[in-house]
Every structure is written in C-alpha cells, then in structure tokens.
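When the chains are written out, they are named A, B, C, D, E and F in that same order, and each has its own residue count from 1.
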Amino acid sequence: MTRIDGRSADQLRTVRLTRSWLDHAEGSVLVEFGKTRVLCAASVTEGVPRWRKGSGLGWVTAEYAMLPRSTNTRSDRESVKGRIGGRTHEISRLIGRSLRGIIDTAALGENTLVIDCDVLQADGGTRTAAITGAYLALYDAVEWMRSENLLSSSEKVLTDSVSAISVGVVDGEPLLDLCYEEDVRAETDMNVVMTGDGRFIEVQGTAEGAPFDRQELDSLLALAGTGCKELTDLQNAALVG
Amino acid sequence: MTRIDGRSADQLRTVRLTRSWLDHAEGSVLVEFGKTRVLCAASVTEGVPRWRKGSGLGWVTAEYAMLPRSTNTRSDRESVKGRIGGRTHEISRLIGRSLRGIIDTAALGENTLVIDCDVLQADGGTRTAAITGAYLALYDAVEWMRSENLLSSSEKVLTDSVSAISVGVVDGEPLLDLCYEEDVRAETDMNVVMTGDGRFIEVQGTAEGAPFDRQELDSLLALAGTGCKELTDLQNAALVG
Amino acid sequence: MTRIDGRSADQLRTVRLTRSWLDHAEGSVLVEFGKTRVLCAASVTEGVPRWRKGSGLGWVTAEYAMLPRSTNTRSDRESVKGRIGGRTHEISRLIGRSLRGIIDTAALGENTLVIDCDVLQADGGTRTAAITGAYLALYDAVEWMRSENLLSSSEKVLTDSVSAISVGVVDGEPLLDLCYEEDVRAETDMNVVMTGDGRFIEVQGTAEGAPFDRQELDSLLALAGTGCKELTDLQNAALVG
Amino acid sequence: MTRIDGRSADQLRTVRLTRSWLDHAEGSVLVEFGKTRVLCAASVTEGVPRWRKGSGLGWVTAEYAMLPRSTNTRSDRESVKGRIGGRTHEISRLIGRSLRGIIDTAALGENTLVIDCDVLQADGGTRTAAITGAYLALYDAVEWMRSENLLSSSEKVLTDSVSAISVGVVDGEPLLDLCYEEDVRAETDMNVVMTGDGRFIEVQGTAEGAPFDRQELDSLLALAGTGCKELTDLQNAALVG
Amino acid sequence: MTRIDGRSADQLRTVRLTRSWLDHAEGSVLVEFGKTRVLCAASVTEGVPRWRKGSGLGWVTAEYAMLPRSTNTRSDRESVKGRIGGRTHEISRLIGRSLRGIIDTAALGENTLVIDCDVLQADGGTRTAAITGAYLALYDAVEWMRSENLLSSSEKVLTDSVSAISVGVVDGEPLLDLCYEEDVRAETDMNVVMTGDGRFIEVQGTAEGAPFDRQELDSLLALAGTGCKELTDLQNAALVG
Amino acid sequence: MTRIDGRSADQLRTVRLTRSWLDHAEGSVLVEFGKTRVLCAASVTEGVPRWRKGSGLGWVTAEYAMLPRSTNTRSDRESVKGRIGGRTHEISRLIGRSLRGIIDTAALGENTLVIDCDVLQADGGTRTAAITGAYLALYDAVEWMRSENLLSSSEKVLTDSVSAISVGVVDGEPLLDLCYEEDVRAETDMNVVMTGDGRFIEVQGTAEGAPFDRQELDSLLALAGTGCKELTDLQNAALVG
C-alpha cells in the first residue's frame, strides 16, 4: 500500500523544528509535521499558583488552541463563543502532563512555565507536534532561566526529553504519523508520548470504528516507538544546530 | 501487600448495579463500585443533531458531572462557575466514545440517546463505574424503544456490551480498580474500556510520577482484562436478574 | 373528590427521610415526598464570606439544582448552558433563607454551612422536600461540629426545626402536597415554610390562573399548617430513629 | 411612633405616575414611590416564543434591572459581571407573573409584550413600584395595539388592573410601603400584588429575623389591602388625567 | 437644504443639562440632545485599581450602556446575553479617555471616579451627549470630594472642561449634531471631543459609504469646533445656574 | 532626533508581505511591520448573516486577536477568560469597516468573507499591519472566488486598495509607524486608514497626554498620507511579484 502522500507505513512526514521563532518569549519553536504547523511559546513567571505556594516546587502548564482558519473550513473562535471546547481542554491537559513527566519541579523552584501551543495550520497530529515542539521551547526557557540566574539549584531541571507521535490503523494497516485525511479514515487512533530513553508518559488508544485487539495494540505501540525515537534524534539535532 | 481496604491486587470492589432506579428515564442504573456511586440515566429523543440529519444514522452522547459534595471536600458547582472544567469535558467525551463503540447507529435510526452520568459519591474510578453503568441504562433505553416501536429496523442496535475499569501501579505493584486513596498514590494510572468479547475500545495510560515501561504496560493491560471480564459477567447477571 | 394518587385532600404523600445517605458529607439526607427525591448534603467550612469577617457570626447558604433527567423529559444542564436559570436561583435563595430562620449565627461562630439540595427525581414539591430534608442535614452537620469541638459556644445553634409544604387549589379544592400533575393544574399555588412551633418563615402564594381571595388564602394556610406539623413529627422521628 | 420620613404607619410615600415618559416605546411610565424611581417601558412584538407558537395565545414577560448607581453605593453592572443575579431573576419573574395575572392571552392573540422595568433610583419598594407602573405601560401598549388594529379580537385584553405594595414589621409595628432604611430594619417583610377588585395575585412574606405568627400575617395583609386600593385609585386617575 | 427637524446645517438640537438628577450619586446629570437622553452618574471610591496602587495617582473610568427600549425597536439586554458588545465597549472606552484628558490624576490622589452613562432614550449622538453630560457629573463629584475633604491637594483636579459632538456628511452636506435618521444616511460620520480651550482630545472619522477626502475632513472639523464651543458655553451656564 | 531603531521621522519599518502563507485559506498573508507579525486569513462562505438575506449584497467582517505570548509579557487568553476585551472588539470592528470601505458588496453577491487577523508577535502598529495585510488576503480570496466561478457579476468587487498606518507625536515630534516603545511614550496617537487613491476611510486620533491642536493634527495627517502611499506601493508590488 502506498499512502496518500507517498510515504511508507512507518515514515514520518517532513519534520521542521525552528527555534527562537519569536523575539519576546523565553523559549519558542515553530514545529512542522508536514503541513501541520504549531507555534510553541514558553513563558517564565516567578511564583506558582496559590495551591502550590510554599511547596518549594515549580509548576508547568500548557494551553493549546487552534487559529480559526488553521483548518480546512473556518471554525468559530472559542473566545467569541465564550467557552473552551472539550477537545481543546483535553489536549491542553495532555500537553501539560507530558511536559510535567520530564521536569524536576524541585530543581525548577517556585517558578511557573506556561507553554502556549497555537496551531497555525492543522493537517493531523497537532497535539503530537505540539508536544514535540513544546519540549524544545521548554528547554530554551530553562536555559534562559539558568543564564538569568533564576534557578537556585544547580541540578538538572529536565530529566529527559519528550516527544509524541500519532499512529493508527487505516484499511487494516498500522500507519505512523497520520495526516488529516488518514486520521479521518482510521479505525483505531493512538497518540503515544515517550521520553528520550523510550519509556511511556502517555498512551491514548481509541477505537474509532470497530474495537481493536491486543495484537493491533502491540503493532501500534511498536510503530510509535520507532517514530518517537526518530523525533528524539531530530530534537537533539535541533538543540545542537 | 494488603490493600487499604483488604482486597487482593486483582480484586474488584463490591459492585452493585441497580436497574430502573428512576421512574421517568427510559433507562437508568445506580452503579456502585465500593463507595463510588454514579447515577446513569438514558434519555431517548427523536431526531439527531443538525450535522447528522438525513444520514439515517442515530447518535449517542454522554454527559458526566459530579455533585458538589460527592467528594471529600466540597467543590464549587460548574453551573455556578459558569463553565465546565477540562476534566468533566474529558470524561464526558470518553463515556460517549465508549458507548458509540458498541452501537449500530444505522439500526438505531435517526434517534438520539443521551446518557447522563451523575456522580453522587466519588471514591475513585467514577469514569469506569459510569461507563459500566451507562451500558445497562443504554440497554434498557434501547429495549424501551423496541417496545414502543420506535426502531424501524429489526436488527440489533447494540453490537456488544461495554465495561471499564481502572488499573494502576502503586508502590511498584499493579492493582485493579483503584479507590481514591490508591489513585492519589499511583505512579501509573490507566483506564481501560473493553467490549464483552474482550477487545479494546479505549486505553488511556498516564505516568503520574516516573514514566513507565512496556512491561508495566503489559501487566496493567492483563489486569484490566480480568477486571472487565468480571464486570461483563455482573452486567449480564443484572440483565437477567 | 379523589386525588390522582388516591390521597385525601389533606394527606401528605409517603415521606421518607434517610439520614447519612452519603459517607463524606458532615450531614446528609435523602428525602422523598412520594416520587420526588432530593439529596441534601451539608458541608462545614471554617470561616465566613469576606463581607461577614470579624462579625463573630456564622453563615448558612444553600444551592438547589436538578439533575437533567430528574424530570419527565430531559432538561439541559445549567453548567452546559453556562448560566443558572431564574427558577434555580429563586429556590436556592428560598432554602437558604428558610434555614437561616432557625439558626443562631452567633452560636455558630465564624463558620459556614453550605447545604446542597440536588433533585434526583422530580414529581412536584422539590423545594419543600429540599427544605424539609435540608433541616436534618443541617442538624447532623451541627452535631458533627459539636463532636469535633468546632463550636466555641455551648449554646444551641438551631433555635427550632423547619419544614415546608406546598398547598394549592385544584378544581376549586384546596389540596396538600401537590404532585407534579396536580401542580400543573393548580389555579393557586402556595409554598409555606414553618418552624416546629408553628410560626411562619416564608409564605409564597401565587395565582397561576385567576386571582385568589382572602378565604382561599386562609384555607390554604390552614392546610399548610397541618402538613408542616406532620412533617415536624416525621423529622423528630428521624432524629430519634 | 413616627416614621423616619414623618409618615403614619398606613401611609404611602408620594406616588407619581408619569405616562409616555419615552417617545419610542408603545407604552412607558416613570413611576415614583418617594425617592424610588423606576422607568417602565412596554414593547410590542408580533409572534410568540417558539414553545407557544400555534396556541393562539399571546405572551407577556418582564425584565427588571437596576442602574449601577441607583443605589447608595455603586453596584457592578450585571452585563459586566456576565451573569444575572438571583435577586434580579426573582423580581423579573415576579413582575411577569403579576402582569400575566390580569391579561387575557387569548384576546391578545399571538403577540408578545415585554415590559422593561429599569430602576433609576432605589429607596425600597422597587419591585412594587415596578409592578404598579408596569400595569400602566402595559395598558398603553394594549391601547396602541388596538389603535393600530393589531388585535384580532374585540374582547378586553386586560381583565383588571394590578398594583403592588410592600408591608413589613419594624420594631414590632406593621408599616406600609417601606423605604430602604425601614426595609433594612424590618423583622418581617411582605410584598403583596393585588388586582383592582381586591384579590391576590401574589403574596410573598419572609421572616427576616424571628418567624412571624398568624396574627402578624393578618395585620400585614390588611395593611397591604389598604395600600393597593389607594394605588389602584392613583392608577385610574393617571389613566383619566 | 432644510434638515429633517428644521434645523440649519450648523445648528445643535435643544440641549438640556439637568444637574443633581439623582439623590445618591456624588455627581449626576440628565443630559438631553433633542430626544437623546442620557443619565450620567459619578461615583467616588477611595483607592485605585491594583495595577495603579502606590502611584499616588487617581483613576477615572466610564461605563456606557443603553436601556433595552431606549431605541426604536427593543434590543436584548447585554446582561441577559451574558456579554458586552463591541460598540458598548468602544464607547465606554471613548468616554473614559475623554474624561482622563482633562483630569490631573495627581491632584485627584489615589481615588477612583466611575462615571456611568446610561442611555434612557436614543436618537443619535448618545456618545457625544454622554461625554458632555459626564463632564458636569465629574465636576460635581470633584466638588463633593473637596467639600468632604477627600482631596489632599489644593490644586485643581480638572484642568479644563470637555464636550463632544457628532458631525457628518449627509447628501453631500456637512451637518452638525446628527439625529438618528441623519446618522443612518450619513456618508461620513465623525465624533469630535474637544476641551473648553478648543483643542482635541479625540477625533474619530469614519467613511460609512464612500471614502472622504481632506477637504471634507476639514469642513467637518470646523463644524465640530463650532458645536463644541457652544456646548462649552452651555456647560458653563449649567455650572452657574 | 534619531529614533530608537535609527529610523528617520517619516520612515516606515521594514515591511514584508508574504502571500499564501497558509495552504487551506482562500487568501492568506503574513504581514510584518518590523517585529510586528500578523497572520491574515480570508475565508469565503456562501450566504450572508440572517439580517442581510435577500438583499443581494455580500458581507465582509474581520476578527482580530493576539496570541498570548505575542507581547513582551504573557497575557491571558480571551477564550480562557470567557470574554473578549474592549480593545479586541474595537480593533476587529475597525478592520471590518476598513475593508468594507473598498468592497462593492453588490458585486460580491450574497457571500461572506471573514478575515482573521491573528497577531503572532506585537511591537506596535498591529491594527495597521492587520489592515494592510488583510487587504491582500481579501484580494486573493476574491480572485479565488472568480476562478471558482462563485461571482455572478463580472464587475470589480474591490473598488480600490486599502492600507493603514499609525502616526504619533513623541517628545513633540510627529513620527511615522510607531514601534511599541514609541507608542507608549506618544503624547498623541493616530491611526489612519486610506485608500490607494489617497482618500480616508478612518481617522482615529487620541490625545494620550495633553490635548492636541489643529496644527499637530495636520502634520500627523500629512505624515500618514506619505506612509499609506508607500504601503500602497508595497501592496501593489506584492500582487505583481
């Protein structure tokens, strides 16, 4: 089987990671997975939310949103509707958990990092692109804190890297990094968030059509492992380059 | 290791499934997983949302909410706050997807089923209890439709049953059906939704502390399989009794 | 005239008052007036709202809400609509005033009691059932405070008991404790809140159809007096039992 | 006892009813009860809300609001807060019910009358002033409909007049038409809505301090009867003048 | 050309400025530009918003709103809609800026003045009437502060007066002080806010139909200058009278 | 005087106009005025809002928003706050009016064009950059409609081009195209929207500090004329290139 865009089943789309795309943010990355384009901006603030004060621990949170015309047809703005939709909430929470999975909040001290992930263009995999880019924005923001002497501890704040990829079964075949057209047709859809050393932070598999069995689950997990490994390499290259 | 409430690692809490707990709803179940108590009510309406009109297909959706004093300390009402939180959205969507995984929307015809899952008391596992109870409420609502001649097709509307259970790693040990106290201490937390024939509809695993590896994932999936099988038996018994 | 459900004009529906229906709440009651079923939960918090700080006086407030499928046909959730309706506001305020009518806020000290009244099933008289049940939840919460030494004063916090009942004129005849079907047909509808010693805390009479005259008002007040007396006895029995 | 403003116990404040205070509205009245000043505007629209379509019946509804600086100290606008408070809801509903108590919706036909009651200055009794003024605005709007041939029936649309007054017990004495300072100090507070022929549309009595007994209730009802009778005369005079 | 209401091109409508229209507010004015009627109320509060604390500077802000039936056909309340519209925001901000243009916030000290401008009846030019009236309300509130010894400085708080007028091109002719009917037909519409000494605080010109050229702009500015001068005289007269 | 960034008083920042920055939108432009970066996306929909149906006329509207970290310090999202701020409303309305000033809505037919202007990075002049870029996005969307045969008329839809620039007085000197730092220090601030043939669509001048006189106004208008002329040339070049 050849895929819509000519890729092989286990092939990522072209990934681009452009650091420092913004001038003001303490860390920022424009991440592209094919036509999917997400702007990740990390903001550092002294202090933590009220419920965490005095704990000595920092806090990392994320907000995800889509521009109204990032999609094929225009969607109404959530600010205009006056409420945030369930999908937006869900993805914001997922990104936040993913980043908290690799941060040592004690080493961060009582500081807050907010990572804004705004989808400029959507073509499937926006949440996985967001996590993959957000890691680099977070990395740069932590480096900035170090350079500004805002970290009291000399210990490593980031315990590992984190990346994410979508996998899915389309026409019976497990595929890596689904574009929008594939995503719509997928029977099973899975988003996997992994650390640089190959462990899981989050596994979210959903039967869109028929339920899936253990064997399908295993092949999807294997495919995701390959994809995240490759993304880790690209993240490391971006940090060097 | 003995668990807080004396259960073995692979033991469910006492499960109670009380059908027809309400007089008005087309289907209703009070489901209890230990102290967790969720009221599931199924409502039938003719017609489908606008975007689905003319498709010949029905629609199933769910809304989850917690009473303010279902928890240890009182939480503010979402109606008073004027907005629905991310967690509520996330769980409502999960329940909806789980039920849609076992329904033949063509056989349902252009009718809508709304399943309200209101947590009267929370002690961990509210979303899995909700899914397990919602299945029975859905079942009864479909039977009611059959008896009222609201189904044009004679085909089966429900293609299988569905149940859900939480599993997690606490102090390094995989446990089934976490109560609140265990849930808070879990390093890894997973919710698994399965059909009666043992396939997956949804797998959601999250590293709360350290990332987890493939071996942990496998043992949690196995444990969940055991739990869902037992819940399936209890659901079947409730339908007979 | 025989009533829809065979009761005599001055007869209450079967009343059930189940204390401690919940495990977490400081006081809780499942109150049933026939098919009407309301869960009342009392929550104790140290401190009072800002505008009352330093007064030495406590505060009691209530929130009323209906589950979406408590009614014959499903209603949308107020949390989903993003705003609380006028009727909900009105009843929450009525319950709060009724409870404040029998509490000595000086003896309570600077503590807050919130009584949540959630209608699990509605068949007329939800607000009067809520008040009648809320009194017992409040009673148990105050006892709990006493047992936990949270009351600085040894004086009685509750100065009396409180109960409430609806009365109305249906087909020209004054009836006690209207069920939904009667309520819809009532020409005049009145809710009366009374203390255990037979005085009034609130009288709310409304002409639904034609205006009513003084004689009708008098007969309704008399009927309500009978009903509240009986409810007081049932409350006392529940406290003993 | 002499009252704060020198009135006797059963004396109304100076009442002014200025018809046609606005140029655009189909009916409008500036009503003054002493310093309390409410602008009532009646708007006529063809058609009725969706749930009433095809019934042949009209609809009357009311909206009450206070200008931010109508009160002694400025209150925040409900539009700025983004939500309507319980008190506002409660009073809007009361005014609507009061007006519906004297209207023949069949004679009105499928038309809607909205009565806006905006408090320009508040000094107690704003809801009773609003009802008293709203009647005249409604009257003028119905006359306007008649003159524009918008009424298909030649029957009387208004079956009677309606007025309202507050009464209360202050320092043990029943007083008519409480001003703000008296209202704050009242032990019992009652709002009574009556038709021109002396029957009740609404009776709302509330114990602000100690519960009240039947005798107090009776004396307050008598006082209200006197007040409403006087208001009816003033309304009739305004219609003639 | 004769205008709809018989005025000449450079003629204001009848302007009425009634000070102290309210009893509670520290300053209040009912301003009328023909049928346009705006109630301006100034409220004094000690202290300033958080972001201004410790600056030694005061703050002036304004809120503009329209009563639902101030217009020809009824508009929905913004409080009922749950959100403030763009036009309301825009005008509130304009009034605030206009007043801040003539106030010495250092002489005001850390106090806040809120000016509420509520349109009781609208016939074009509501924002310019509001600014013109708000100045007098502000003046009276500052005088009140002086008399209550709330101003620590003896310096003048108001550096000048401020008034505003609309001008526009209708059927090719520049007109002063447009009424609603003219405003709707205007090709170009301009609102000009000027100080008593003839300088500009705000100039807002908008092409409603075809773009306008420099010559039109100049003639409109000249016309506005005439109008504001006249309004300044009327304001001064009102302060004396 | 040399400006912060070395420009002369009448010099624009480096302007970049990148067409087709997005793949899905019918027209899209990334516009940069120095560090200010705004993404403009035009969306075409058949049909017009309800109030315009059957008129034969099309509709053009715009929505402006800032990404949370477009600014020096992070701002909260309006979707999270649940309401749109006054400034956002004001600018969205300005952009919409500016574009409607050059469109022949009859030639457009009953179609709607929505132009989303999202600020990716802000350094002053975001609204003027947005208008300047939005024109090109609009142009491309109209061309797309032409190529898709969605325009029934063969007449020109755009009657001219439109651009906008900010001007202001800083330290007594009129400057063109203020960057953020200059904008903050400006005594007078003006935004001018002009057509390609040099006429005005909108003039908005505001005294931020002291009021301004006619001479200052004139010099600012002249400066704006120069700037808009240059922007028109750049727009034309972008359409050719």
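The rule is simple: a residue touches a chain if its C-beta (ideal position, glycine included) is under 8 Å from a C-beta of that chain, and two chains touch if they have at least 3 such contacts.
To keep track of the chains, here are their UniProt names: A, B, C, D, E, F = Ribonuclease PH.
Keep in mind that this is a model prediction, so the values were computed, not measured.
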Neighbouring chains common to chain C (Ribonuclease PH) and chain F (Ribonuclease PH), by label: none
Required steps from chain C (Ribonuclease PH) to chain E (Ribonuclease PH) (each step between touching chains, minimum): 2
Same or different residue numbers at the chain A (Ribonuclease PH)/chain F (Ribonuclease PH) copy interface, by half rule: same
Centre-to-centre distance between chain E (Ribonuclease PH) and chain B (Ribonuclease PH) (centres being mean Cα positions), rounded to whole Å: 59
Separation of chain B (Ribonuclease PH) from chain D (Ribonuclease PH), taking each centre as the mean of its C-alpha atoms, in whole Å: 50
Cα-centroid distance, chain D (Ribonuclease PH) relative to chain E (Ribonuclease PH), in whole angstrom: 33
Residue numbers of chain A (Ribonuclease PH) (touch at least two other chains): 82-84
Residues on chain C (Ribonuclease PH) engaged by chain B (Ribonuclease PH) in the complex (per definition of touch): 22-25, 28, 35, 39, 41, 43, 45, 63, 65, 67-74, 77-80, 82-84, 88, 114, 116, 118, 120-121, 123
In the complex, chain B (Ribonuclease PH) residues that touch chain A (Ribonuclease PH): 83-87, 89-90, 92-93, 97, 101-102, 160, 190, 194-195, 197-207, 210-214, 217, 221
